[in-house]
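Next come two complexes built around subunit A: one with subunit B, the other with subunit C.
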Partner chain A sequence: MTIDELREHLCAAYPDLCPLFSVEFSDGVLLVDQARLREALEDLKEMGFDRLGMVTAVDFGDEFELVYRLTSRSMRVGVFVKASVPRSTACVRSAVDLWPAADWQEREIFDLFGIAFEAHPDLRRILLTDDWVGHPLRKDYIDGSIIRRPDYL
Partner chain B sequence: MAGVDEFARALEDTPGGGVVLTSIDAISNWARGHSLWIMPMGTACCAMELIAASFSRFDFDRHGSIPRPDPRHTDVMVVAGTITKKMAPSVKLLWEQMPEPKWCVAMGNCAVSGGIFHHDTYSVIRGVDEFLPVDVYIAGCPPRPESLQDALLRLREKVRSESISPSRRRTVEGLLPLPGGEKR
Partner chain C sequence: MSAKCRTVVNIGPSHPSTHGVCRVLVELDGEIVKHAEPIIGHLHRGIEKMAENRTYLQVVPLTDRLDYVGSMYANWAYCRAVERLAGIRVPERAEYIRVIVCELQRIASHMMSIGSTGADTGAFTAFMYAFNQREQVVDLFEALSGSRLTYNYVRPGGVAADLPEGWLERCREFLAQHPAAMMEIDELLFGNVICRARTKGIGVLAPQDAIDWGASGPVARGSGVDWDLRRDDPYSVYPRFDFTVPLGERGDCYDRGRVRLWECVESCRIVTQALDQLEPGPVKAEGLPRLLAPRQGDAYDHIESARGSLGVYLVSDGSVRPYRMHVRSPAFCNLALLPLLAEGHTLSDLVVVLGSLDPVFGEVDR
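On to the complex of A and B.
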């Protein structure tokens, strides 16, 4: 599959999202619905995106945004897949069965953001201690031991 | 150490025993102070300076300090780097495995006070002296190996002031005056 075919395919599959896909920078951004996230990832895997670079999350207050970075070594192209996840029900399907590299990345997101991943083989904390309370990268995380930086620094 | 304390007390009570006592002190302190083997507790970039210290340019072997990766062989734990809350129990465990007498050097700002991670962080211990008895603090981010050398020589002074008799132990005055004129 060439880049032009990939672009056509993506335009057909995601009609309202495609303007973000730019070949000039050899990567693009796909904003997908949480319900269609799994479908899109499977689709991209089939298209030849054989490498998962990273998975991360962003806290926007009332919702999280999951970010998957996929690259294809045969097409020499990369793509970001972004999906919004509501804060109240922060749970998505794991991508470990598609790319094993997602294992520890998803554990890290679970650890620091508290987003649960369904069907993850080993979903427990990875960076913090097992008895940690809370998820520190959430914006509303409260910890009494944090010393706030004074204004003059 | 109870047996040693009793032995020292008996020497103190014996006429002429002080000569024996001070000779034992002098020999043991000389031996201890000149073979301060290092437990390299390197967790971050300060460890690079700690590693450099034991190689040919700085060559701490000439002070009798060599790094040993086994806590049971060592006298000084040099905590070189940031200690996180998850790492702290491991550091404490290694410290407890070291045989007495043992000393601790907090190398670099992270080990002294948390350094650049002092503010706005949830995972870092703010200074290794929260759970270890630190003898010498070295400031720097990271400190140069010369600073570590200075720390070891100061530690040697501290070792020299020790005695097997509890009544003869002296405290070594630090360099930095605290507010109010006290020295620490």
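On to the complex of A and C.
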């Protein structure tokens, strides 16, 4: 599949969901609903995105944004897949069965953001101890040792 | 043998052969590893959280503390993400200096890895030979930045300072002797019958596993996965240099070690070309404010570090501090392969396999 075919395919499959999509190494962004996230990932895997480079999350208050970065060695493109997850029910389907690389990275998100991954084979904390309270990368995480630093240098 | 007869051995977190503060929980059947589980996080300082409380320039010294064997890489990857976010153009001389220091850093970092391969397999002499080379690079960096480990040298918009007087000559002197030193280490270490016996056929990584598990850098290339960001997603001034990407065939510890060795020779070629093409000029972008406040949005950029694809993902809310910084750490992804690679080998081989993945725990734990 060439880059043009990829673009056509994605725009046909996700007409209202990819207004930002421009395929260019590390610049393509595909915004999907949480409900269609799994479908989109399976689709991209089938199209030749054989590497899961990065999975991470961002805390935007009411919702978390999950960010997947996939690369295809054959097409030499990278694409970002972003999905919003409501804070109240932060749970998505794991991608470990598609790319084992998601294993530790999803554990890290679970550890630091408290987002659960359904069907993950071994979902437990990875960087912090098992008895840690809270999820530090959430913006509302409170710790007495965090002191707001002044803006000047 | 039934599961009842297995012994569980705890190695680390403070053990000379774990290459940092890593704990490995090993399930043994006699001397054979049935399962090895790395337990990480002992060096977790929450750098991603700390970055949210610092200005863009204050984050640069934090990135030094990620991969402390290759600080220049994290500096550069972070600065590239900031430059992408804020639309900063970097002067050409600064790009050349970045390539020079990062290729020298690759040599310094690989010398650490190759030297410890020697130490792990009982060849301490090779360790001293490798560290002799590493020390020379570290001396060059000390002249450049005043620091031997955490350089804080690559900054958003350029580099901290121009090359000091006489530095180019010292650098050329180093480059002149380095390839021959690599040949010597190749003979001394990889030609040695004990080292070959300890590393050949140990910890074999299949190419498909390397891709599926997101392995990158010498770990993936040792298995013959032909992927190097310097060539395949060219950044900075890399397209102007002529270099080859060394590949392994069998994907064992021996191939991973030798890929690193040849990468050092290739790095020498790149630095030599960069020194020849280096033109005078500014080393910092003009008119940058001390308090950068990039546009709202996100940016990702990655470079080929000594350990693989090192990426930095930045989210900005338009203020002077990053809203979120995430480091895509190659050492973290490569270390996840340890259970796969160590299974079925002896306990003493586990140490060699762990060393061949070349984890730096500052970057694994962040």
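Criterion: the second predicted complex is superposed on the first by the 135 of 153 C-alpha atoms of A that agree within 3 Å, B and C clash if a C-alpha of one lies under 4 Å from a C-alpha of the other, contacts with A are read in each partner's own complex, and residues count from 1 in each chain.
We take it that contacts are C-beta pairs under 8 Å (C-beta built on N, C-alpha and C of every residue); 3 or more make two chains touch, one makes a residue touch a chain.
This one's a predicted model, so the numbers in the text were calculated from it and none came from an experiment.
A.B. asks: What is the contact status of A:136 with respect to subunit B (first) and subunit C (second): first, second, both, or neither?
C.D. replies: both
A.B. asks: Return first, second, both or neither, reflecting whether A:76 touches subunit B, subunit C, both chains, or no partner chain.
C.D. replies: In the superposed model, A:76 contacts subunit C only, not subunit B.
A.B. asks: Look at A:126 in the shared chain and tell me whether it touches subunit B only, subunit C only, both, or neither; answer first, second, both or neither.
C.D. replies: The second partner, subunit C, only.
A.B. asks: Going by the contact rule set out at the top, does A:11 touch subunit B (first), subunit C (second), both, or neither?
C.D. replies: Neither partner.
A.B. asks: If you stack the two complexes on chain A, which partner ends up touching A:145: first (subunit B), second (subunit C), both, or neither?
C.D. replies: first
A.B. asks: Touching A:67, do we find subunit B (first), subunit C (second), both, or neither?
C.D. replies: A:67 sits against subunit C, while subunit B stays out of touch.
A.B. asks: If you lay the two complexes on top of each other, which residues of subunit A touch subunit B in one and subunit C in the other?
C.D. replies: 127-129, 136, 146, 148-149, 153
A.B. asks: Which residues of subunit A touch subunit C in the complex?
C.D. replies: The touching residues are 25-26, 50-54, 56, 58-59, 67, 69, 73, 76, 78, 80, 99-101, 103-105, 108, 112, 126-129, 136-137, 146, 148-149, 151, 153.
A.B. asks: Would you pull the subunit B residues touching subunit A in the complex into a rising list?
C.D. replies: Residues 85-86, 118-123, 126.
A.B. asks: In their shared complex, at which residues does subunit C touch subunit A?
C.D. replies: Contact set of subunit C toward subunit A: 40-41, 44, 46, 48-49, 53-55, 57-58, 211-214, 227, 232-233, 290-291, 298, 300-302, 309, 311, 313, 315, 320, 323-324, 326, 328, 332-333, 336, 365-366.
A.B. asks: Touching subunit B in the complex: which residues of subunit A?
C.D. replies: 127-129, 136, 141, 143, 145-150, 153
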